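In the two complexes below, subunit A is the common chain; its partner is subunit B in one and subunit C in the other.
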Partner chain A sequence: MRPLTEEESKTVFTKLANYIGKNLVHLIDRQDEPHCFRLQKDRVFYVSESSMRLAISVARPNLVSLGTCFGKFTKSGKFKLHITALDYLAQYAKYKVWIKPNGEMPFLYGNHVLKAHLGRITEDTPEHQGVVVYSMNDTPLGFGVTARSTVDTRKLDPTAIIVFHQADVGEYLRDEETLF
Partner chain B sequence: MDGVEDDDDLLRGPTQELELGSDDDEEEEEEELPVKLKSKKSKQADRPLKIIPTASDASSEESDDDNEDGRVTMKNIEARSRALDAKAAREAELDIEEMQQAALAGEESGDDFADADMDEEGEGGEGSEEFVLPTAEQREEEKTRGGPDVHTVQRRMRECVRVLGNFKRLAAKGRPRAEYIQQLISDIASYYGYNDFLAEKLFQLFPVAEAIEFFEANEVPRPVTIRTNTLRARRRDLAQALINRGVNLEPIGKWTNVGLQVFESSVPIGATPEYLAGHYMLQAASSFLPVIALGPQPGERVLDMASAPGGKTTHMAALMQNTGVVFANDANKARVKSLTANVHRLGCKNVVVCSYDGREFPKVIGGFDRVLLDAPCSGTGVISKDASVKTNKSERDFTLLSHLQKQLILCAIDSVTPDSKTGGYLVYSTCSVTVDENEAVVDYALRKRPNVKLVETGLEFGRPGYTSYRGKTFSDKLNLTRRFYPHVHNMDGFYVAKFKVEKRAKVKSDKEETAAGAGGADADVEMNEPTFPFNEDEDRPYIEENERRRMKAKSRKAPPQTKPVPVAAGGDPAAPS
Partner chain C sequence: MDVSDILAAHEAKQKAVLVEKDIPLEVDSGFLTVTDLNTIDAESYEADLEEHLISTARDGVQTLIASLFSLPTTSSPDGPLAQLPPPTTQLPRAKPLPKPKPPTKWEQFAKAKGIQNKRRDKKVWDEEKQEWVNRWGWKGANKDKEVQWLTEVPANADVDYDPAKAARDERKARVVKNEKQHRANLARAEASSSSSDRKRDIDRTLAVTRTSTASLGKFDRKLEGEKPLKGVKRKFEPTEISASQEKSQNLAILSKLGKGPMTKKSEKSSQSSGGEVLNVRKAIRTVSKGKGSAALARGGSTKGKKGKR
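Let's turn to the complex of A and B:
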């Protein structure tokens, strides 16, 4: 477990900013309790400082997880956000997409969001913007990247893809082995 | 189908069986004895009807009997039942005579048909409606033939239970109780598919009739229960959401305000969007108990020593409202993955997951306010979930497990800080019902660590733990621990004990007292002997030598040895320096 280097922080924050934009500040300067980012075996964890201090006692090979896992660094140095970060993304998301009940299961099986399943979308979402996907009763289900801007979606046919799938909560079942 | 009904039968009590036994077969028996083969065949043909008298069978038979005195009405029903009882009692008396007769008859027939096959004879003895306990030889024989058929075993078990229930009156003369018990255990083993060792071990836990209930309950699956994740949802909202998906459910009971019991579901309950979003956790009702007993408070430091797959860990995190810190440990790396997945799915942000052997624990980090030790166990409480336990547990497994549990519980006690303002508690639990994994371990901990004591678990139901069991006497306080059984509470077999860890200093004074007491006892013996005061100067070489050894043990640089120390310690004073 160690703090992120300058470069790593930059990669992580750029990625996060794609979803939560300026709300990133709220993650770093928290009112309630100071939190920090820590790297442990190429996984990035976001954890309260008090927990982190206690977890220092655990040896590196034995420490599996602390706080919330945000994602991992790939071998080529890119950062991949995991579904486990959804809590914070959903809390601070700038652009949101709601999908209809009949679109929930297809999305949870790892498919892209089609226009037919689109219930609601934040106004003026640009193209290729990270968005958090909710069900109609405001339960966060995952996140992805828009294929078109809000304006362009109007004139698409129902089978066209609106949001490219990136992660969904179904991964807790599907990818339990590789997620951690 | 079958299992459910047997269960009823076994409990229905002797009256019905007697009735069935007596009225149609008496004459047959006497008449057909000489023509053994034929009688046997006829009985085999109609056996299933008699051996498994379902409720409907019995009632139809009764109504046949009662046809002459008209229909059953509300008015005469009481009188009728009284008459039936009287009849049953009469028949019970008859039955004893019959049994003795049958025993005689069996012997006679054996003499008469000496040339007849031995197998048939044994079979005939059992097949006849009077119950005769097979002798040791007969059982041997039976085994070599590949065991009797299910109906015979079932009937024999029922009879054994009946006889053991009122041994003085019902037992055949000259057959000791032990023989009946032995027969019953071996029948249980073959009927339910246990190995002999485990069947006996579990049988000994209960009175005879209850033991059968226990074995029956292990054949039936427990209800599916879920726990609302209070970090993400409220129980009412969750229940509504699931009902909309076609799940039939209702709250488990008054003792928990987060549990829901699922009766039936048109969707897989472990893959609904609500499940994936972490609104609930699939968890057995019994797994709520240790966490309720532990009662973690917000802001505390809590340890779960053997936590996978995380049902109890996430429950604790939820009770602490994501404050403080929960250390979730599990020795198995593969299971740690599902633990981590569950922790994240349920949104527990105060959990540190690590993978140590639990026995390393106070060394890794100690000072916990509360510790939960849900120890690895034989799983004799969850046989309905995992039937492989029936056959793959031997005596050695139990020895190894209880040894491990004893080590773990001491480590758990040492991990708790007695200075905690809010806590200082340890909860020990297993999903096993055997005494050597539960009471014996707790008693061991009480003896080994005088600074802990048992306290009320805070669970309002459950049976008190044993204070003595088969010649072993445990501490009286063990009645504060709680046992849960599948046949009584309709949840997995479970055991919960709660300890309060206190400061050690107090214990020291206790020890001194006892030491002083012992010294006092010895004092009058040693009164006349001269006293030996310490002499610092004379002892110096020994002191130095020990100091050197201590440093060496700590792998620090030891001072060079000054002079050779005489080997015979405590000999004459070494050197006047």
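Let's turn to the complex of A and C:
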């Protein structure tokens, strides 16, 4: 377990900023309890300072997980967000997409969001913007990237893809072994 | 006829041109510089700083321009040109002084014996030719023995003794000896320079050469006792730095991210639709029916104007 280097921090922050924008400050500068980012076996954990200090005494091979896993670094140095980060993303998300009840199950099985399933979308969402996907009763289901801007979605046919799937809560079951 | 006001006006004009100071201003017209060595008048300085600075500067420029007009001029198509004299101000040198060269063996010896070094002229007087000739080199005096038409031969000389060749060989041997001594002097100077510098240079060169093969040195034959190359060691922050310190570091990175050059993706999205309501790329595509902005400009249609960029 070690803190992120400056280069790694930049990668993680740019990825997070794609979803929550300026609200990223609230993750770093928390009012309640100081939190920090830690890297353990190429996974990035967001953990409170007190639990981080407890985890220091655990040997590196024995430490499986701590705090909240935000994602992992690929071998080529890119950062991939995991579904476990959804709690924080949903809390601070800048752009949101709500899907109709008939679209929930297809999304939870890992499919993209189609226009037919689109309930609501934040106004003036740009193209290729990270968005958090909610069900109609405001339960966060996952996150993805918009295929078109809000203005462009109007003209599309119902089978067109609106949001590219990146992660959904179905992964808790599907990728149980590798997720944490 | 009353000329008093004309005189007063003339005097006022002169007053504006003349600059009177306790210590006269130093003018270096070569550098177009004026130096004012007078002490600052505290009263006027306190009263109005701007006014004081402007008046001091005006006096200096007035003196400089007056000195320029007193310089000799030449006429040119663009008007008279003043010839600037060579500058008098000494400027400090830009580079540090060169380090003294380490003494040669002869210089050491001469110093120990108290021998004064006499510089020999390159030219010597030739009595026969009645002119100055080179001591060495082209038509040098040191080659006299090789070119003279009559040579005294020692009594015990061989049958095939060639006096010209013998003199030449002797001269060439002196050149070789001198070169050898020069090399020895250089080597001695190198050895006396700081050894840590030399060691570092050698180590660096060795490290470069060891990785300069096609396999980056992987399949080279190892010498006995050769140590493996050391790479750059990664260094990380300690795990338990205080949260406040880490927070400030992270916030610094975050502020840098906001200011720094945008990533390709964010740049593209902000260009296409981030900043403005109209997606220009899409608008061009729609209006030109997929032919692009160039086709749109060529067509010169009325509604195409706005989409052109």
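To be clear about the criterion, the second predicted complex is superposed on the first by the 180 of 180 C-alpha atoms of A that agree within 3 Å, B and C clash if a C-alpha of one lies under 4 Å from a C-alpha of the other, contacts with A are read in each partner's own complex, and residues count from 1 in each chain.
Simple rule for what comes next: a residue touches a chain if its C-beta (ideal position, glycine included) is under 8 Å from a C-beta of that chain, and two chains touch if they have at least 3 such contacts.
Bear in mind that the values here come from a model prediction, so they are computed numbers and not experimental data.
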| query | Looking at the overlay on subunit A, is there a clash between subunit B and subunit C, or do the two fit? | reply | fit
| request: For A:V58, decide between first (touching subunit B), second (touching subunit C), both and neither. | output: first
| request: Would you check which partner chain A:E177 touches, where first means subunit B only, second means subunit C only, and both and neither mean what they say? | output: first
| request: Considering only the touch criterion stated at the top, classify A:E104 as touching first (subunit B), second (subunit C), both, or neither. | output: first
| How wide is the angle at subunit A between subunit B and subunit C, using CA centres, rounded to the nearest 10°? | 130
| said: Between subunit B and subunit C, whom does A:T84 touch in the aligned arrangement: first, second, both, or neither? | reply: first
| field | subunit B versus subunit C as contact partner of A:E127, first or second or both or neither | value | second
| task | Return first, second, both or neither, reflecting whether A:D42 touches subunit B, subunit C, both chains, or no partner chain. | result | neither
| request: Using only C-alpha atoms, work out how near subunit B sits to subunit C after the chain A superposition, in angstrom. | output: 16
| query | Following superposition on chain A, which residues of subunit A contact subunit B and also contact subunit C? | reply | none
| note | Touching subunit C in the complex, subunit A uses residues 1-3, 5-6, 9-10, 13-14, 17-18, 24-25, 28-29, 34-38, 49, 52-53, 56, 124, 126-129, 149, 151-152
| query | Can you list the subunit A residues touching subunit B in their complex? | reply | 47-48, 50-51, 54-55, 57-59, 62-69, 84, 87, 104-105, 108, 135, 137, 139-141, 169-170, 172-173, 176-177, 179-180
| Contact set on subunit B toward subunit A in their complex | 241, 270-271, 273-274, 276-279, 301, 325, 327, 336-341, 343-345, 347, 349-356, 364-365
| message | Quick check: in the complex, which residue numbers of subunit C touch subunit A? | response | 236-241, 243-244, 246-247, 249-251, 253-254, 256-257, 263, 265-266, 268-270, 272-274, 277, 279, 282
